[in-house]
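Labels run A, B, C and D following the written order; every chain starts at residue 1.
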Amino acid sequence: MILTDSLLDFFLETRKHSEDICEPLEIEDYVVQPVVDVSPPKWHLGHTTWFFEEFILKPYAKDYTVFDEDFSFVFNSYYETVGKRVVRSDRGNLSRPSVKKIYEYRAYVTEGIKTLFEAKSNKELNSLLEIGIHHEKQHQELLLSDIKYILGNNPLLPSYSGEFKDHPIETHQQDWITLEEGIYEIGHNTEDFCYDNEQGRHKVFLHGFEISNKLITNGEFMAFMEDGGYQRFDIWHAEGWDWVNQNEITAPLYWHNIDGNWFHYTAQGLQKVTNDAPLAHVSYFEAFAYAQWSGHRLPTEFEWEAAQAFFPWGKRWEWTESAYLPYPNYQKPDGALGEYNGKFMVNQKVLRGGSVATPIKHTRHTYRNFFHPQLRWQFTGLRLAK
Amino acid sequence: MILTDSLLDFFLETRKHSEDICEPLEIEDYVVQPVVDVSPPKWHLGHTTWFFEEFILKPYAKDYTVFDEDFSFVFNSYYETVGKRVVRSDRGNLSRPSVKKIYEYRAYVTEGIKTLFEAKSNKELNSLLEIGIHHEKQHQELLLSDIKYILGNNPLLPSYSGEFKDHPIETHQQDWITLEEGIYEIGHNTEDFCYDNEQGRHKVFLHGFEISNKLITNGEFMAFMEDGGYQRFDIWHAEGWDWVNQNEITAPLYWHNIDGNWFHYTAQGLQKVTNDAPLAHVSYFEAFAYAQWSGHRLPTEFEWEAAQAFFPWGKRWEWTESAYLPYPNYQKPDGALGEYNGKFMVNQKVLRGGSVATPIKHTRHTYRNFFHPQLRWQFTGLRLAK
Amino acid sequence: MILTDSLLDFFLETRKHSEDICEPLEIEDYVVQPVVDVSPPKWHLGHTTWFFEEFILKPYAKDYTVFDEDFSFVFNSYYETVGKRVVRSDRGNLSRPSVKKIYEYRAYVTEGIKTLFEAKSNKELNSLLEIGIHHEKQHQELLLSDIKYILGNNPLLPSYSGEFKDHPIETHQQDWITLEEGIYEIGHNTEDFCYDNEQGRHKVFLHGFEISNKLITNGEFMAFMEDGGYQRFDIWHAEGWDWVNQNEITAPLYWHNIDGNWFHYTAQGLQKVTNDAPLAHVSYFEAFAYAQWSGHRLPTEFEWEAAQAFFPWGKRWEWTESAYLPYPNYQKPDGALGEYNGKFMVNQKVLRGGSVATPIKHTRHTYRNFFHPQLRWQFTGLRLAK
Amino acid sequence: MILTDSLLDFFLETRKHSEDICEPLEIEDYVVQPVVDVSPPKWHLGHTTWFFEEFILKPYAKDYTVFDEDFSFVFNSYYETVGKRVVRSDRGNLSRPSVKKIYEYRAYVTEGIKTLFEAKSNKELNSLLEIGIHHEKQHQELLLSDIKYILGNNPLLPSYSGEFKDHPIETHQQDWITLEEGIYEIGHNTEDFCYDNEQGRHKVFLHGFEISNKLITNGEFMAFMEDGGYQRFDIWHAEGWDWVNQNEITAPLYWHNIDGNWFHYTAQGLQKVTNDAPLAHVSYFEAFAYAQWSGHRLPTEFEWEAAQAFFPWGKRWEWTESAYLPYPNYQKPDGALGEYNGKFMVNQKVLRGGSVATPIKHTRHTYRNFFHPQLRWQFTGLRLAK
């Protein structure tokens, strides 16, 4: 548990970081929602603020005046416990509240939290604040992914920011790390913050396996493409094959073939694909097909966690073969925060690691990210096992 | 045909009016597209500008430099002749070009037109300019309707402008105007501007009929609602009845029942419905059902045109019973402008009149507006015949 | 008005004819519904029977015992007045009642009508019986079209019957018939049976026009296809062009290109397309595009009716340019029979003539058939005007 | 491995059993496909026959004459390796081949197999025959489920057969079986037949757990319903809650509330729900919500397999918490048979056990059945763990 003082600093620094991410945007970029999974940046800014207001200020700050009664309807994401809300697919239809108003809302709530925590604090409040901070950090990652989608699907392909490098080169040699069969302990086991879905430290038996010390690169994936990987049904799941055909998928997201050369949209605009950078923006279906094609497989999340100390990670969220399921003795928290993780534990795959878009202090080796298998607007890649 | 000088004034005044309409907006309001029929205001501003650039400046202005090569892709609406374009349903996904950039584009093209027409002019150019002006005027009406939809579907229900009164009261007594059976001449017959679909002045035989001198009012429509008009299948078309049930329609667009009283969203925000104002925002299906319920019918567009001199009109576009079809000897113009009207002559109904949103000098008694029968975001109303 | 004796003969002969149409079928062919517009043959057999039971036997036959109380739910088509019913798209999901049971139902109701009319008859009953007979005749045409669709979309392409020739040759020379401008009388004006939508004999003014004495042939349509007719957006309605592209339409329904030659599915199975037979199975969109391509237009339904005495017709239902609208002074009949025609008068086009599938005594020169513009499973063709 | 003689008996008895299942049907019942997951019975009869023809007779029977070249197109289910096929949703649109023809096809292929195996046999052929037999047995279960759906969704609710009892009573006392934590062996380990997805016997570590010796009964599930189980979002997955609301689910499949009492469609027609029979026809979403509501959970498939010897099972397929994933070292077979299981290992849940519809010799304690979480037309139930 972090002390209140440094927690408040952590809070203020987190609040500022969300706004820093949006600094390069035009007002118009804050508003649009090109597909249902991508929320408008202004929605993220408002929603993360609403989270602090709804779960901390409203119940705990004496005499707190709600900034705007209508905002709960606008900025609730999926908390049935809290009440009605704008349906997700309508977020991009809302021009108001304006960006300016949302920044005022942010300042108002940030100030409210500051005042509250300077006056009093206790373990329960600190714990809620910590959740709110990590919640906002999760949205920072989404902000970067969503902004990339908003700009990368605009026919003008505007660049986002020269400072955010989404395609760093990795040059270390590929090698296989071997783990012996045996019982391994999985799950969170420190006093530090973690989500409910990481808790319930428990044992798993793993058969002996090998796992690569390196992410699959763009160059390696191009070999798959050149070998007809997107045309060979036998290496895909049935649902993956349908997805490829219905969406006419022939390359990772953001890739464009111009006169026979592969380019991709990056934070710096359209650039030539670099062979040595780790592959990004593939779905689980593509990750699985690549593994099949190469004669290997994806690791399970347990193998990944057991082996992670032996290889560098953190540039790409890595698809695993594991479905997103509760750990033994998983306990859903009471109340609205119980809706955070548990209710999504079906039809999703676990990703492990972290990415270039993950804010500092946000990921850890027990962190379980999860998405539907067809999604690829996150900075998702893969690592092989055998 | 208007002389070039006054035509240029007409042009400049029209260009300014579009921007005046948008003056009360926040930047964010320019961007969104809550349903496919509603285009973002910034798209209208860009598209009307592109029209002048594409059809006048590019072919006729010597040494003209295109403002931005990508804009044709972004701002073409439906001209297959001109090339590929952003699909209509994606207009609200484009945050760029920014509003600021589009205003620069407007100034650039307006200046280009001014320079061109000050240097030379001829009948062909004047005719194209006139079409461009009227095209922009059509979009001014759409701008007002679309802005109303954007704000009126926002849960915060922000007002648009205190100056635009969309619900003027009408107090004259209802009366029936009688026309004898006989041959009437229909269609445009002066030198003034009109669209291709009004041309081909021709004769129609009309049986004797009566037409009301007054639009149906909110108060009258409430009587229909109270009598169960939305629950009685026998007064609806089969497709209208499906539309009512699938969309759970129980009142005109923008109406809200609050504690038993009817309010509606207006340019001034949410207001109590006034009995004496003409009804607005009903679909053809609703207009037809109302007429059936009242024991009357809607006029045909020919009856309307034959009788229009005998009653006031211009506050609501009026649904007619006529389908949108070519007049005898209709000639589709050559080239891209031939796509303006002819290709829509199926599955739409004709509306006659004009509305509070129609810019001055834009409508006339031969003007044929047309929409699909379920649409109601325009300022549409009805007048009875028998 | 027909006398009761001959009316009863007409009834019995009509009942038998429906069963004759189904005689070549396997039991399985009676059951399926490959698209929503095509009803299973057993449904037609039951529905036409239910019509007599519901509208004549139930209200007028003393002590009549309903054959099966559940059949009203199964065999009502769209009469909201009469009560709930199986939704149209579910007709092909019903294996029961069995075909055998439906034939028993037919015999039972036929016998009931016979008994009733032998005992008493009057003008009202005769009129209802006449409607029921014509209703069944309409379904005979649908039966033939639906059976063709069921067999013609089966990968085994089984033939239907050697006796039904759906592609008769026409060899007379093409010529233009000229009508002078003037007032013409339109609509039904005899004592014989007609539908409500033909009534209201009235005057229309027609400008002078010419109309072809001959239907467009397969050979002529192939010239359109070879000239890229399906690839030229400028000759299509916008909605037609969308229909072509979304459905990848490249030929009339039932046509197959095998090694460069055009074949089509016919009642005798797959056959080579004959140049000299009138074209069939095109949508209004295709008919319109053909007319545009050839530099002509489709006639209106009024032109067709005014000119029809001067040319042979009856092999193809002919698309007209007219929308399906009520005649002046159209009166919707009271009760359930009022749902027969009036509620469909929106978004449909009028067809005139009749077809190889039309039973004898069923069509006439005032008959108004109507379908949505994209449909083409009926025996639909076209005739040009100018 | 079974000897050839008894294998051939097993084959013949299996072939006969499929036809026995269909014996109570009318011809019409063989044809329809009310939803995409339910195939027409005649398709099952043809497809299981095609499997023997395609994988045994064509490659191995010298001088074998294919029954009908078109049948491969009609009866291939999902084997991309083998070629094109009728899309799944179109199976119910095919009236031909007729039922009679399919029975001829069955007799022809059965005879062909008999002749082949009487002449020669070897391990490879026996293995293929065994797969074909088990494949047909799987389809026997589907046949019963699909027939129930076809009849149970018909408004006439015809009964299927008096002999098939789908709701047997279970009267033993509920008790908890306790297993200690430790390493357990999972997967097939005998010479008998099993599918590829059961192979790869391997170790798993299980924490100590308790599992019920009894399936949840109708009576217990009614308590959940009365307690508002279908209205409480907090016990459902987010996707489950959407499913409940979009489909307006308020009870298990086939249940009808008549005047306050619960009835359900059974093989004997509509009957009152019996409290003491095991619940059937619930989705995974419902099974999970029930477990949440009761304060327990569903077992994993590993817990189930480890504990199964200590409780009776076989009346209901039992939903587990496990996602359908490959076992460690899973090897997909080569060729078309490799498409049998592996390509479905995403987005599905594992069911264990067997059901009243499972043919004898078809299930076993290592058998892994799998379905999407929303499906419930199988005889699916649940058992609790804690």
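Quick note on the criterion: contacts are C-beta pairs under 8 Å (C-beta built on N, C-alpha and C of every residue); 3 or more make two chains touch, one makes a residue touch a chain.
Everything numeric in this text was worked out from a predicted model, so none of it was measured.
With steps allowed only between chains in touch, the distance from chain A over to chain C comes to 2. For the pair chain A and chain B, there is no chain touching both partners.
Centre to centre, using the average C-alpha position, chain A and chain D are separated by 37 Å.
Between chain C and chain D, the centres computed from C-alpha atoms are 45 Å apart. If you average the Cα atoms of chain B and of chain D, the two centres end up 58 Å apart. Within chain B, contacts with two or more other chains are made by no residue at all. Those residues of chain C that touch chain B in the shared complex are 78, 80-81, 181, 183, 202-205, 207, 209, 233-234, 236-241, 284-285, 288, 297, 321-323, 325-326, 328-329, 338-339, 343-347, 349, 373. Within the complex formed with chain A, the chain B residues making contact are 26-34, 42, 70, 73-74, 86, 90, 92-99, 150-151, 153-156, 158.
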